[in-house]
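Structures follow.
Look for chain A in each of the two complexes below; its partner is chain B in the first and chain C in the second.
Showing the complex of A and B:
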């Protein structure tokens, strides 16, 4: 039962993710991404980690995707303005896909994840302790990466003339 | 085994009935109380004292035409009211109403109950955003836009205020948080968190003075401008159930839930505990209406200012101080 559901949710997640990429309109693509997050949360539940499932829905679906939809609606992308794609973008996407897949294989040590015969999920306190002791440095470095992303977005958002307010130029 | 099934089915039936009657009753209480505050009579034609008004409303909603405007996105337009109502109903499952023979009186006794309510409760906003977007109407779109910005701004403070409560209680299970409050309610241990939760609860349910998604003078009807009949009713069913759930959360997490003052939770008869919980929930439900006719609506920039410049720093400082005090008290901290 658990294994069947695991593959069902996995297939659902893949199907939704494909729809995110291939939809030409922004809002339906965003809704498919929300669906994808739901399937992933289901996978976390099946792997015996309800905490991660709840956090996944709370943070990604409840906050980040709401912000995405806000920006999409603010930009007012209409149905007659479908997203344009370029060939060189697909090359970059394929490259990123291969790299991420390699990273996952390296991280899992070549072992496939199984829904059954998983070790009992650690308590939340154990997770937190690992996060703040053993993985403290990667955890903090993540915040540096996020700050770098924000600075990068601000730099790109500013007009080349150096004006602080792109709308005025 | 069979007794467990019967018990589960009974809890489900009673819980669902309670939720729907609270929501329907709230629609009448809101109109009656509004009338009282404005020195009017309010609904008084259907049944004695207008008590059957919710039934009349329901019949009217069901018999209205299910109108779909031109050039809307039909699938999302029809789905949006359901997305608004269903998550609110799901969150009610984790609200505990007391203890019976040491077992919590709750539909679903979830180990991460607080997180579950926050996670599922944050989905209701999609109904408003998608309803506003798919209506193909400028007012609706603006309503959905405002709702999404407001939700992102206030949800962080809401979650942070509850994290402080969780830190004090040492559990994510709603019933355990209630049990930990025997004789010392969290409102006395976490008054700042309680205040932040009180403010953000109004913003999360889109109620006055934060009802920007549908504010009539500026946006006609906001996100529900193009909705009529049962679809329109579903949006408001979702809003009323969200109010019930938020009031229940407030009662359970800050005001001791089923704890009756000066009584041990273990010694309280189950019906008295459930009544105490219902009474506390009812008080906060009435507060929603009371505030609606007392405070004027914010201006939009004031809303953002309050969310980001006041509530967020306040909730972060509250969490930091709570953590510091708990660390100084040692592992026996909190309710010791």
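Showing the complex of A and C:
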């Protein structure tokens, strides 16, 4: 049952991801991305990582996708402006896909990952302890990266030569 | 698990705390009372204190490497010297930008410039010291994200915007490769320290694939052939002070990271590294030869320098004892300092000359030595050091690399490298001929004023280039 569900969710995630790429309109593509994230969350749940599944839905679907949609709407990408694609782009994409697929086949090589490399599903308390002891430095540095990104986004978002407020479109 | 920080943690955290603290203070200062001079002074003090905080670490690591934050950071002598180089490059970038980049659009980018400069330097030091994949990834991101914006800061120039966009798209792609590679290495080995790289490279094909992805990402960041195509456009389009920072700080940080995270053994043996270095040197030299823009020429000559650095990687892959490996690490550190000083001086002088003639096309820089003898002299010494002329640090740096190659049985590659280096003299000398031996064109009247502070600051890397060239031991303070 669990195995069947695992493959079902996997197929669903792949199908949604393909739709994200092939949809010509931005909003439906974004909605398919949401579906893809839900399927992935299901996979995490089946693998025994309920916390990761919850984070996947809360952060990616709840926060990041909403931001995506806001940006799409602010940029006013209308239905009559489908994303253009060119033949040579599809050739490049197909080539990249084949290369990555080949690499994955070579990489999996028919062997399962060794058991000792698979971490046990952590308790949330263990996760938090790791975050604030062993991974304290990366955890704190993340905040510096985020501040840098915010300052950068604000700087680029200002209208050139205009007022100090972010660009209004 | 123990929650407190050890003495080593605080020791290594100090430079980061100064940098991040200064960055946040600049932001707060701007919110309370915008004052460009004060923001600049706070940033310079932050950079200076971070450099001072590196000195006790340097004392501590003289005998053996120091680790901190449960193995997240690990430092030895070369990476601390390189961290001080990055801090100096950032301070220099600020001094040179003071009269050109900052007043643009009424100075309303001042706060962003200083904050991003400080955070980018933070990322450089973190990349240099990272001993865990999580720290490495955050370091590279913290280095790159502010740089994308700094490159695109001149939004009245389409070159600058184009450079920022190209750098961002390609850089984001490379970051994706890096994260993906790290995930695979972790899946294959269950470890995220540098030791995982060699374990993964010799293990399953999953690990090999991950190592290859990580290697591609780092080769992109150091701009080795065939991942060098962004360099010319980005270096040319970026405001020149930012180019100076990228050529010095980013290059030092990423090459040092490559040294720590590069695979050796069967996956990338001495021959592969030497081949990669040879290609990079050849293509860098060939493309630099035909440039009519001095900034672009210097950017591509930077690619050629990466080629020689990769030769040092070949020597390291061939080295057998730990002592030899650490000596090659010192050689690489010396090379990066020599290149960084010369590149800083060259781009800095070019920026000041650009202000007088408007751009960096060599046609308009003809005979500029008659009008600007001091700046042309600085540029001359910098170019000679980049070319590898004796009595400059650049000569000794190249000499050390080739000696290491010959010592580890790569003599034929060393000969090819020396010939290609001599070939590289062509474009440096061409630039010198343009600057010194041609008739200057008629000058249009302009509002140009000499910038004495920046000129004095330029003398520091120039003099150091010569001092380290005659007395290389001085570099270890």
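Here is the rule we use: the second predicted complex is superposed on the first by the 94 of 169 C-alpha atoms of A that agree within 3 Å, B and C clash if a C-alpha of one lies under 4 Å from a C-alpha of the other, contacts with A are read in each partner's own complex, and residues count from 1 in each chain.
Keep this in mind: a contact is a pair of C-beta atoms (placed from the backbone, for glycine too) under 8 Å apart; a residue touches a chain by one contact, two chains touch by 3 or more.
Nothing here was measured: the structure is a model prediction, and the numbers come from that model.
Figure out whether A:74 sits in contact with chain B (first) or chain C (second), or with both, or with neither.
Once the two structures are laid over each other on A, A:74 reaches chain B alone.
Looking at A:11 after the superposition, I want to know if it touches chain B, chain C, both of them or none. Which is it: first, second, both, neither?
Touch status of A:11: no partner.
Scan A:128 for contacts with chain B and chain C and give back first, second, both or neither.
neither
Given the touch rule stated above, what does A:2 touch, chain B (first), chain C (second), both, or neither?
neither
Which of the two, chain B or chain C, is in touch with more residues of chain A?
Comparing touch counts on chain A for chain B and chain C gives C.
Looking at the overlay, does A:106 come into contact with chain B only (first), chain C only (second), both, or neither?
second
Identify the partner contact of A:21: answer first if only chain B is touched, second if only chain C is, both if each is, neither if none is.
neither
Looking at the overlay, does A:98 come into contact with chain B only (first), chain C only (second), both, or neither?
Neither partner.
Which positions of chain A sit in both the chain B and the chain C interface?
none
Please output the residues of chain B touching chain A within their complex, sorted ascending.
76, 110-112, 115-116, 118-120, 122-123, 125-126, 129-130, 133, 141, 144-145, 148-149, 151-152, 155-156, 159, 172
Of all residues in chain A, which touch chain B in the complex?
By the definition above, chain A touches chain B via 27-28, 31, 34, 50-51, 54-55, 57-58, 61-63, 66-67, 69-70, 73-74, 76, 124.
Which residues of chain A touch chain C in the complex?
The touching residues are 103-104, 106-109, 111, 113, 116-117, 119, 129, 132-138, 141-142, 144-145, 147-149, 151-152, 154-156, 158, 160-161, 164.
If we count contacts the way the header does, which residues on chain C are in touch with chain A in the complex?
1-3, 13, 16, 20, 23-24, 27, 69-70, 72-73, 105, 108-109, 112, 115-116, 119-120, 122-123, 126, 132, 134-135, 138-139, 141-142, 145-146, 148-149, 152-153, 155-156, 164, 184, 187-190, 204-206, 208-209
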